[in-house]
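Pasting the structures here.
In what follows, subunit A forms one complex with subunit B and a second complex with subunit C.
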Partner chain A sequence: MDEITVRKIDKLLNLMVDNATVVVSGEKIARELNVTRSQVWQWVERLRNLGCEIQGVPATGYRLKKMPDLLAPELVRRELGTSSFGKTIHHFLEIDSTNDYATQLAISGGVEGTVVLAEGQKSGRGRMGRQWYSEPLKGIYCSVILRPGLPPAKGPLLTLAAALAVRDAVCRMTDLKMDIRWPNDLMIGGKKFCGILAEMSAEVGRIRFVVMGIGVNVNHTSFPKEISHLATSLKLETGKTWSRIELTGQMLKRLESLCREMEKAGGQGIINRWSEISSFAEHKRVEVHSNGTSFFGETAGLDENGFLRVKRDDGCLETIYSGSIAEANEPVKES
Partner chain B sequence: MDEITVRKIDKLLNLMVDNATVVVSGEKIARELNVTRSQVWQWVERLRNLGCEIQGVPATGYRLKKMPDLLAPELVRRELGTSSFGKTIHHFLEIDSTNDYATQLAISGGVEGTVVLAEGQKSGRGRMGRQWYSEPLKGIYCSVILRPGLPPAKGPLLTLAAALAVRDAVCRMTDLKMDIRWPNDLMIGGKKFCGILAEMSAEVGRIRFVVMGIGVNVNHTSFPKEISHLATSLKLETGKTWSRIELTGQMLKRLESLCREMEKAGGQGIINRWSEISSFAEHKRVEVHSNGTSFFGETAGLDENGFLRVKRDDGCLETIYSGSIAEANEPVKES
Partner chain C sequence: MKKTVAKPNEVAAMDMDEIRRLIDLGEKKGLSEFEVEKSGVRVRIKYSRGAEFIRVPPGGVATNPGVPVEGLVQSAENSVSTAPLPPVPEELEDKERYVVKSPIVGTFYASPDPTAPSFVKVGDRVKAGQVLCIVEAMKLMNEIESEVSGELIKVYVENAQPVEYGEPLFAIRVS
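Here is the complex of A and B:
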């Protein structure tokens, strides 16, 4: 499907949601989308395939009878209440990458709290050029524009805050025990269910904007073989299906409140909370992969900017700016 | 002039430079630029107005007899010798902003050392959203793509290196005494003649690219009233006209060598050299403007990332991440 079609089907979905209690005439829909009535009919079919129950009323029009758990802006906004994050939501049934789209919006002046949501990504991206597996309709693929008054050196604080926001939202809904692997992987039982990719545009002393990409595995029932020993989902861990709408709303709400807190009181609160929650904060034996090399050591807390300190086996204290860490001697899990 | 015209005239210039010893037929030029011969004639006039002496040989073609100090890629490259910086140079007679163009190149995969040069900028930009006065043919308006293996926190080191590169290039040509005001303003007698705008795109732990914009006032003989008490040029300070080609080549060469040094040996060398040269490094009474407030204090050296430390009058040691500093009680100079 080309992008225009995707956007028109999305517009149709939102039109159906907005008029959920009434019958909308095919003519009205065709006019608003600027397409033919037979095109409308095809797209209604497409929404039915996605799980929407849409009643066709002969000679009158269409009525939405049941909505699946699609991240329609109107529905997510209901969760958000009075938050300013999510006042503008761009929703896609399918997109290349929510981060790429949000970056374009930010370059064109998109304000803080602008959100891009997609039901699926064709080229979802993760940290360090990796892919992010983005099964349609199962996960949350979300990017938020942030415009903090921070120097780039303090950027890591934002990603710690994003990890805490998702964790708090999941805690509110489930009883799962979670860990945070530095900097921002959310883990259950040693497997990852949420990844965060923060991309920033900055002058040397001043962040212009950060696009905070958040991918959450919610209702996945399986993963490709290559990652199944590393990845999990809330459904796999609980056996239950969870509302992506509720989780998206709650995590955006919480992210906004953590960002506000950081503006007022600085980053120490974030660092303290992250350190309480993460087993990786201190005294954990880890293997560090950074800048093409790797070494073993013991974690020794975060610095004031959110970078991890690791005491190497040779005694040197090193600050980890980039790369990834793993629990040392972590057994490779069988899929 | 539209961008295509600007690019074609530029192509014409480079064609004339490449064939400087021979007569190039108008037909050949028209074919290579894919325009009419009367268009070629108009553009040759335009180059003549810029100072090119171009001989018209009746019924044969055109020959370049004398080149003004235009930053034609072939000429700049001669200064560069074997350097890898400047292997690709995009040259414009006029551009909106060299940084904007270089950013687009970097997004599309432009390699480290790719250079954008312009004879003039319509919307030259400086730090913190300010304008950069870009009088055509008088200054150097240059942007370089860097792809250092550094975390964003270490970005300031690059801008210190860029200031050192320009300073070294100017030192090689003139006897001027220069100062560097943190982070990277090059000053002569309290007035600024070079400004640097580093813009980066990064993941939280990893710089993707930096566009290093360098503006140098070379042969300006005057400045607009609003900035004439703040700005100067090499010509105003020495009474002489300087080769922009030579200066551009030398500063790119030096920037490359400082970047290589930093890759191998880290940033301490840059910090040491900057601190030797700048009167702002230590024990200088300054006024700091940062994040909408200002305060007085005394400078107390750079930290390991190149940020300036200032001891406030209330005794607190503060690290300055963004904003600007000025010598305290600096007399306002009359224009």
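Here is the complex of A and C:
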């Protein structure tokens, strides 16, 4: 499906939501979308396949009777109240990558708080070209444009703030016990349910923008074999289906307030909160994979940039900028 | 690394800007060493190529990453003079040679993912706005773009190596 089609189907959905419970004529829809009536009919079918209950009224038009938990901009905005994040939401049924689209928006001047949401991603990305499994309609695939008044050196800390925002949002809705694995993976019972991937455009001394990509596994009931031992979802952990709309709204609100806090008071508050919550902050035996090497050690807190300090078994203290950290499975050697 | 030898109390006689121009000239011409005398002041400049890091002496002289100067070390017979030299201003980066520096501390990646070819290599023509590399910290990927067009003449850092704030990443001959 090309992008224009995706956008038009989205417009159709929004048209139906705006006129929910009343009949919208097929002719009006066709005119607004600048397509034929038979095209409208095909797209209505598609929305039905996504779970929308749309009644066809003979010779007149269509009536939306029931909406599934689609991240339609209007519905998400209702959750947001007076927040400035999410004032502009670009919503896609399917997209290559929300981060790529948000980056393009940011380059062409997209304002802070602009949000890109997709029901599914064809090539959701993780670190270093890895895939982010983006099952349609099950997760939140979200990218937010940030333009913080912070020096570029503080940019990476925003990824900790994003992890905290999602964690706080999930806390408000569930009573799940969560952990944060450095730097920004949200975990339940040792399995990951939320990942962050940010892109920054900066020059020396100034951040132009940060695109904060957030993927949350919400209502997944299973994962592909290759990742099923690593991944989980809120539904798998609680047995319940959760409102992605509510969760999206909560996390955007929280992200906005954490960003404001960082601009006002610096990053130490974020580091402190992260350290309180994460079992990885201190005295955790970990295996570090960074820059093509790996080693074992014990975590020794975050520095003022949010970088993780790890005391290697040979006594050296390392500061980790990037890479992955795993809880070491091997038992601690007795001395 | 370079050394400039001069009579310390007469450095002022030969304008600092002039010395900088000489350093750049020699660098551009690829000289390994040269000596100039003017109004009784003699300056010898020696280059050692392939140096990757710039060390700023304590109490330091602001170095210009484009020209890896190890400070302008004064040494002379009566070399007690440790008077701080005037800081080398940014403009030392001459107009034709542009050095791309890292805006954050992080890990340098030459390609978008481990299996992909490098964004750029020495000898490439690069355009302003073109992505040269990624510097990553904590899953924040910072795509470093060229702000100028020209020929890429140096890559200072190897793939997957840590870089410091302000550390030179690339040199581009502006055209």
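Heads up, the rule we're going with is that the second predicted complex is superposed on the first by the 328 of 335 C-alpha atoms of A that agree within 3 Å, B and C clash if a C-alpha of one lies under 4 Å from a C-alpha of the other, contacts with A are read in each partner's own complex, and residues count from 1 in each chain.
Note that contacts are C-beta pairs under 8 Å (C-beta built on N, C-alpha and C of every residue); 3 or more make two chains touch, one makes a residue touch a chain.
Keep in mind it's a predicted model, so treat the numbers as computed, not measured.
Steric overlap between subunit B and subunit C is present once the structures are superposed on subunit A.
Of the two partner chains placed by the overlay, subunit B and subunit C both lie in contact with A:Asn305. Touch criterion met: A:Met128 reaches subunit B and subunit C at once.
Touch criterion not met for A:Pro73: it reaches neither subunit B nor subunit C.
Judged by the touch definition given at the top, the superposed model places A:Pro152 against both subunit B and subunit C. Shared-chain residue A:Ser201: touches subunit B and subunit C both.
Judged by the touch definition given at the top, the superposed model places A:Tyr321 against both subunit B and subunit C. When the two complexes are laid over each other on chain A, subunit A has residues 127-128, 152-153, 155-156, 158-159, 183, 197-205, 291, 305, 307, 321-323 in contact with both subunit B and subunit C. Those residues of subunit C lying in contact with subunit A across their complex are 101, 103-107, 109, 112-116, 136-143, 145, 147, 160-162, 165-166. Listing the residues of subunit B that touch subunit A in their complex gives 127-128, 149, 151-156, 158-159, 183, 197-206, 291, 305, 307, 320-323. Residue ranges on subunit A touching subunit C, taken from their complex, read 127-130, 152-153, 155-160, 183-184, 196-205, 210, 290-292, 305-307, 321-323.
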